[in-house]
Amino acid sequence: MEYLTLFISAVIVNNFVLTRFLGLCIFFGVSKNVNASVGMGMAVTAVMTLSSIMAWLVYTYVLVPFKLTFLTTVVFVLLIASFVQLLEMIIKKHAPALYNMWGVYLLLIATNCVVLSVPLLNVESSFSLAKSIVHAIGSGAGFGVALVLMASLREKLRLADVPKPLEGLGVAFILAGMLALSFLGFSGMISL
Amino acid sequence: MSGHSDENSNSIFKIAFNLAMTCLVSGLIIAGVYYTTADAAAQKAVDMKNAAMQALVQDADKFNPVEGHEGWYKAEKGGKTIAYVVPSESKGFGGPIQFLVAVTSEGKVLNYDIIKHNETPGLGDKGGKDPFKSQLIGKKIENLQVVKDPSDKENVQAMTGATISSRAVTNGVKKAVEEVVEFTGGK
Amino acid sequence: MKSFHGGVHPDDSKKYTAAKPIETAPLPAKVIIPLRQHIGAPVSPIVKKGDTVKKGQLIAQSDAFVSGNVHASISGKVVEIADYPHSVFGSCMSIVIENDGLDEWVEGIPVQRQWEKLDAKELSGIIREAGIVGMGGATFPTHVKLAPPPDKKIDTFILNAAECEPFLTADYRAMLEYTERIVTGVKITMKVLGVSTGYVGVEDNKPDAVKALQNAFNGTQVKVMALPTKYPQGAEKMLIKVLTGREVPSGGLPMDVGTVVQNVGTVVAISDAATKGIPLIERVVTVSGSAVKEPKNLLMRVGSTFADALSCCGGLSGELVKIINGGPMMGFAQSTMDVPVIKGTSGILFLSKKDVNYDKESACIHCGRCVEACPMGLNPSMLSVLGERQLYVEAKEEYDLLDCMECGSCVYVCPAKRKIVQYIRYAKAQNAIQAQKEQAKVAV
Amino acid sequence: MAVNEESLKMNLLTVSPSPHITSSESIPKIMWSVNAALVPAVIFAAWYFGMPAIITMLVGVVSAVATEYLVQIIRKKEVTIKDGSAVLTGLLLAMCLPPNLPWYMTAFGSFLAIAVAKQSLGGLGYNIFNPAHIGRAALMVSWPVAMTTWTKMTTPVDVVSSATPLNILKQQGYAKLIETFGDAPNMYKAMFLGMRNGSIGETSAVLLILGGLFLIYKGYIKWEVPVVMIGTVGILTWVFGPSGLFTGDAVFHMLAGGLIIGAFFMATDMVTIPITRKGQIIFALGAGLLTVLIRLKGGYPEGVCYSILLMNCVTPLIDRFVTPKKFGARR
Amino acid sequence: MQIALMVLVVMLLTGVVFGLILAFANKKFAIEVNPLIHLVEDALPKGQCGACGYAGCMAYAEAVVLNADVPPNLCVPGKAPVAKIVGELTGKAAAEIEPRIAHVRCSGSPGIAVIKYQYGGIEDCAAANLLQGGQKNCQYGCLGFGTCVKNCPFGAMTMLPSGLPYVDPEKCTGCGKCESVCPKGVIQMLLIGAKVSVNCNSKDKGAVAKKNCSAACLGCGLCKKNCEHDAIKIQNSLAVVDHKICIEKCDNPTCIAKCPTKAIEAVVKGSAAEKVAV
Amino acid sequence: MKELWSIFNKGLILENPIFVLALSLCPALAVTSSVIVSLTMGLTVMFVITANNTVVSIVRNLVNPKVRVPVYIVSIATIVTVAQLVLQAYLPDLYKALGIYLALVVVFAIILARAEVFASKNGVIRSFFDGLGMGTGFLIAMLIIGAIREIIGSGTFLGIQVMPASYNAPLMLVLPAGAFILIGYLVAGCKMLVQHIEKSKA
């Protein structure tokens, strides 16, 4: 139950994009069409989960015992960047089909705040390994949901008569605002 | 663009060395800074903690950790325990709320401080400020009860528009009081 | 009775002419006979300026199979072969014949023939010679339709007597007055096709026509069915669906589901050609609309002008703002009265202000009426928006642009008064241009 | 083409694409009909809540229309305030607000509804979210206290603060609710007629249903939407009752809050819902589901507004996957 | 002090480990890529922002190198300089061509040209063209619904009150978009420096053309006769000027004076605008 | 000098990292509900981006292209960690207010982007000014957003009451939804400004 709550909370109630403002660069950058956003959502979830696991292990078994927690940032970011780069190379070489599907998004993810923040939040909230994984998957799914919704709204808006200065980024922000307003309906639903 | 054709510079060890050196330099710098700031940071942390507790129990002249209870402090004045400062936590509107609660030895709320919360600014976050705060001060367990009836002066009036936060704050404080009362055995 | 999805119920406005028997129009002083009156290869004139021609004389033809012969509709002198306004294409090369008032048949016409003695091939040849094309509006050469490729097995013939367009009553009057010729025409067509099952689909707002045809077809394999009155009941895909339950696949033709559909006027022409050897030189035209003094059903020679039609009907009554060739749902608006009646002209409408709407179009409000109305199951709202934004490739590839038959049901119901059909035509045209460009690229 | 335009047009025939006849429906006709359908409920509200409600509705409408006018002038677009859609947005927004809301808040909500939710995305027909609900949701986050303070005038001078039925249910439980009204049938009657506290326009279920029926009769809304949405709420609240499965008070939930007005007038806003019938049913189903989720599990007593907004978010996706059945599609 | 040492150890180890992994991976998983892609990628800002519509700079680099249709100027943060480099690398920078400017060769505003019907459709030239070739009797003239204006990517065109489009010579880049969207082929790309222009597109015979529009080129050939340099030809009843000859040889355009309908005129900066004033 | 000025200058408006380049959007929303926090974050980023640009441009020729990204990231992360340690030791309140976003400065796309686009190809001084300009642009954007949100959403500026006491602030602006919408309009405004500038230049 606890895990379910954590998961739902990460997906909807405390959606990363809409209530915590993380990963906005990709959120606005890749939400131009639905297909790309689905791929991105899956890629983010996968990377987030795997790096959460590794980061948790490094943190628990290296940084904490040696009282080096102030190195968290450096180590995590290096870990994620290297891991993503590695992943990208492997996939590109051995699963070109998979790479074509969503491998290309990996590069975007390598240095991105949403991917770094999940491991950081995990250790900050002293989650267990299992909880960290659930949290990571939930956060990724929430990110994906927001991304897909946003993409579908923007696809619809492409056909609209938006005032010139607002076209593109401006109206995307306004949409995100209204999306966030709607998601407030879930607030108070789950308190952790 | 330099390295694309240059086989030599691409050898495994060169690459690894490159990154390793960067990390080493980085480590040197961080270690250096850490070394110079560590004491100040530690000192600051202790100061802040003391200042926070001092603000809660203004009369106290000394704070001593309570054995066996992580994070608990006895506030002493002239060697006499006048209050306990204990951490507490409850579920609010937007997530967990963390407190530091000062409870008198008689089991009354002396004061409290919200350390971390995710309540809505302007609404739920008023739970750590007056006038809501002053309502709780001096109350005992029995009256740490949220009501929405303005005529009821005994209990705690909910903040308008933030009943959930009101309850959460009150319950968090109450939990601390209950623990202290249990610890002191009611005396 | 099965029905098709969608469709609309405009006021049928047939009251103006429904009770008016077919009247033969007086001979015009001259006729303008366009060389393009059909779909397919254009024909070339075989007469020249100054030639004298007789009624029924072949004056233009083509070697191509998909084409339709053109005959003189009056006797007289060829005075000009030049570009003239055309009711569908804007303008077209036409042969102008000045009436000599004699109205003489060319030699060999009419003949008395026992069509029963002829075989399918001979009949088909006669139909081709007579220049018969579909008179329901599409003007597809009939002999081509009656000669489906061998891999398409035809088992059902359908007579399209729905006449679902408002105002028009030409087919209706023909059903009442030319019943015998219709029966003959249907029999001939079925013989050519070699089928034994036939249907006649009539909208149920013409009960007497249903009765007349039922009596006439009594004892044959042909079933006369009264269909609910709903536009576009007469669209062949809808008609086939309603009568046989078969759905013509996207991009397909009636023959893909084993059927051939023919208009009432067409079978009358077939009957005339087979029994009397008369080529297609005249047809029934409904002249109607709120700006006509005496609306009528006229039997008119091909090449008479719309102005001739108007003068037969007592001229104008009220301010004329629009002239339409065909029905109000699918017809073409004209910029002049001097356009000729052609083989496909089923009606001429003279409309005054009260029939024409000048509402401004606004953005689509997604009311979904067009989606509900579209008999083809398309999303007209999306098609119009994509057309407006020039995203015509997307319209074709993701929203089945090419399946639209431009019936106009969607426009009829749209509260935003969007000119959906025009956007669709525009998008189709742009796609065609695109395709041409690509082909040119490949060729290079 | 300014040169002697009129004289040029004289005696020229009009050539336009087919079809040449159209039905008599138009956007202004639809919008004003919806406004008309709300009139009974508006009159009831004016009588029941008195002056504050009248002022709120006036402010809502006037500021919506003024905003529309201003923005269209600034955008150099044709001014379309006469088509009734801005009036409708302002009115519907006002009808979803507590009667005593300070006027500037109403105006702020109306302004946001038109300027942000509608015109910034291109104007009528292009908005993705229901403008009135965006206005309401924005007010809810801006001044939550005022938006959840329910006062009722008992006499023209006497104002008492009291809770709405859903508030009572959420905070004091079902028993207290029944106690407030006497007994259950009494409560149903009061709620059906509208003799209860709540937002200006939402109280009188019977008048709203009447207006809704008129719109269904005119063909402006599809009956499936309100039926499915209210039905979903009824069934789910009955199943997930307070004391175990199948113990809920479905009738209460169907009559309470903004459900009736929301289902008849807002979940049917064609601009912001899917275009196909099937899509609209899915929309209504989802909205009903979310309403119940928020009412039973959420932080707010009422969830109609948010559930409709949330379904607005997925409308493009529904439209993408629920398409009309194509004639002649190869199977 | 101990901690500081540990920092060094940990950081060094981390560096070595990741460095080795990456280096090894680089060898192990190296795949051949078009080297151009790398060059292009190098030129891109690598903000990985996705503003180009691709999933990151690498993806865009790949697309722009491999796909002939992808333009080199999609990178928003990079702006013009990057677009230029990318264009050079991929050979997509529209090779410097003779500078041209759009010219509207129709002067038949309504009233001058005969109108045959009142148009009641959507405001778009290509759409209007589908209805009997538009509302003008002349089948070659400008329809005046401004499809060219709407499609000019540089906002160089405006619709004049006379119902004809006007090209702002300051803004026109000669991209030719307007030429390609005009259903009537009214727009011609003129060489910059052209001295005279024929402001008519009608291929109708003189009499017909004259009936349809009082400003029409009749194809009478007076201009041709008056040209000393043989720069004008009559094709399809329309005068066609070889501007190269004009530019090189002519400094006194005598052709202009004789035209009975003023269909041929001198090109003056802003001439179209002046015409309106009259 | 003029060239340096133009390098510095472009980050302010024409290539404003937030409003125009749309990089590093998270902090622009997350830590701008009050001016003081915006200021701190802005200064931090300004410091990091300038320092990193300088460092990268110094070491640019020593870096193997295969590990370029990791090396730059380590460099950024080091600078951030230093900032973290210093803030923690001397300004713990602000350190708390910035929360997780301080650590996330590492991955703000603008920093890496400048390193790759500019610093890795240009000399130290130019890189320094580029960083400074971008950082300043970032800071300005943060301050504008922070000021509007604080004044309208809370009625205060730098914590001081500036609106009349009767002012009933709409909470929306301090919440996510309002922030998104506000920035949407600011982006549009900046776009108009950029167009205006480019027009008057041409």
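We call the chains A, B, C, D, E and F, going by the order they appear; numbering starts again at 1 in every chain.
Here is the rule we go by: a residue touches a chain if its C-beta (ideal position, glycine included) is under 8 Å from a C-beta of that chain, and two chains touch if they have at least 3 such contacts.
All values derive from a computational prediction rather than experimental measurement.
Asker: What shortest step count links subunit A and subunit C in the network of chain contacts?
Answerer: Each step joins two touching chains, and the minimum needed here is 1.
Asker: Considering only chains that satisfy the touch condition with subunit A, which of them also satisfy it with subunit E?
Answerer: Common neighbours, subunit A/subunit E: B, C, D, F.
Asker: Steps needed, at minimum, to get from subunit B to subunit C via touching chains?
Answerer: 2
Asker: What chain lies farthest away from subunit B once each centre is taken as the mean of the Cα atoms?
Answerer: Taking each chain's C-alpha mean as its centre, the farthest from subunit B is C.
Asker: Using Cα averages as centroids, what's the distance between subunit B and subunit D in whole Å?
Answerer: Whole-Å distance between the two chain centres: 44.
Asker: Subunit C to subunit D: how many Å between their CA centres?
Answerer: Going by mean C-alpha positions, subunit C sits 48 Å from subunit D.
Asker: Based only on mean CA positions, could you tell me how far subunit A sits from subunit F in angstrom?
Answerer: Computed from C-alpha means, the inter-chain centre distance equals 21 Å.
Asker: Spell out, as numbers or ranges, the residues of subunit C touching 2 or more other chains.
Answerer: 333, 335-336, 356, 363, 419, 422, 425
Asker: Give the residues of subunit E that touch two or more other chains, as numbers and ranges in rising order.
Answerer: Within subunit E, residues 3, 7, 10-11, 14-15, 18-19, 22-23, 26, 48-49, 51, 116-117, 120-121, 130-132, 135 contact more than one other chain.
Asker: Going by the touch rule set out above, which residues of subunit D reach two or more other chains?
Answerer: 12-17, 116, 120, 122-123, 126, 137-138, 141, 144, 299 - these are the residues of subunit D that touch more than one other chain.
Asker: If you connect every pair of chains that touch, what shape comes out? Choose line, ring, star, complete or other.
Answerer: Here the contact pattern is something else, fitting no line, ring, star or complete shape.
Asker: All pairs of touching chains?
Answerer: A-B, A-C, A-D, A-E, A-F, B-D, B-E, B-F, C-D, C-E, D-E, D-F, E-F
Asker: Give the list of subunit D residues in touch with subunit A in this complex.
Answerer: Interface residues on subunit D, with respect to subunit A: 75, 116-117, 119-123, 126, 128-129, 134, 137-138, 140-141, 290, 293-294, 297-300, 303, 305-307, 309-310, 312-314, 316-317, 319-320.
Asker: Quick check on the complex: what are the subunit A residues that touch subunit D?
Answerer: 34, 148-149, 152-153, 155-157, 160-163, 166, 171, 174-175, 177-179, 181-189
Asker: Quick one: which bits of subunit B touch subunit F in the complex? Just the residue numbers, please.
Answerer: 1-4, 9-10, 14-15, 18-19, 22-23, 25-26, 29-30, 33-34, 37-38, 40-41, 44-45, 48, 120-123
Asker: Which residues, counting only subunit F, touch subunit B once they are in their complex?
Answerer: 33, 61-67, 70-71, 74-75, 77-78, 81-82, 85-86, 88-90, 92, 154, 169, 171, 174-175
Asker: Which residues, counting only subunit D, touch subunit E once they are in their complex?
Answerer: The touching residues are 1-5, 8-9, 12-17.
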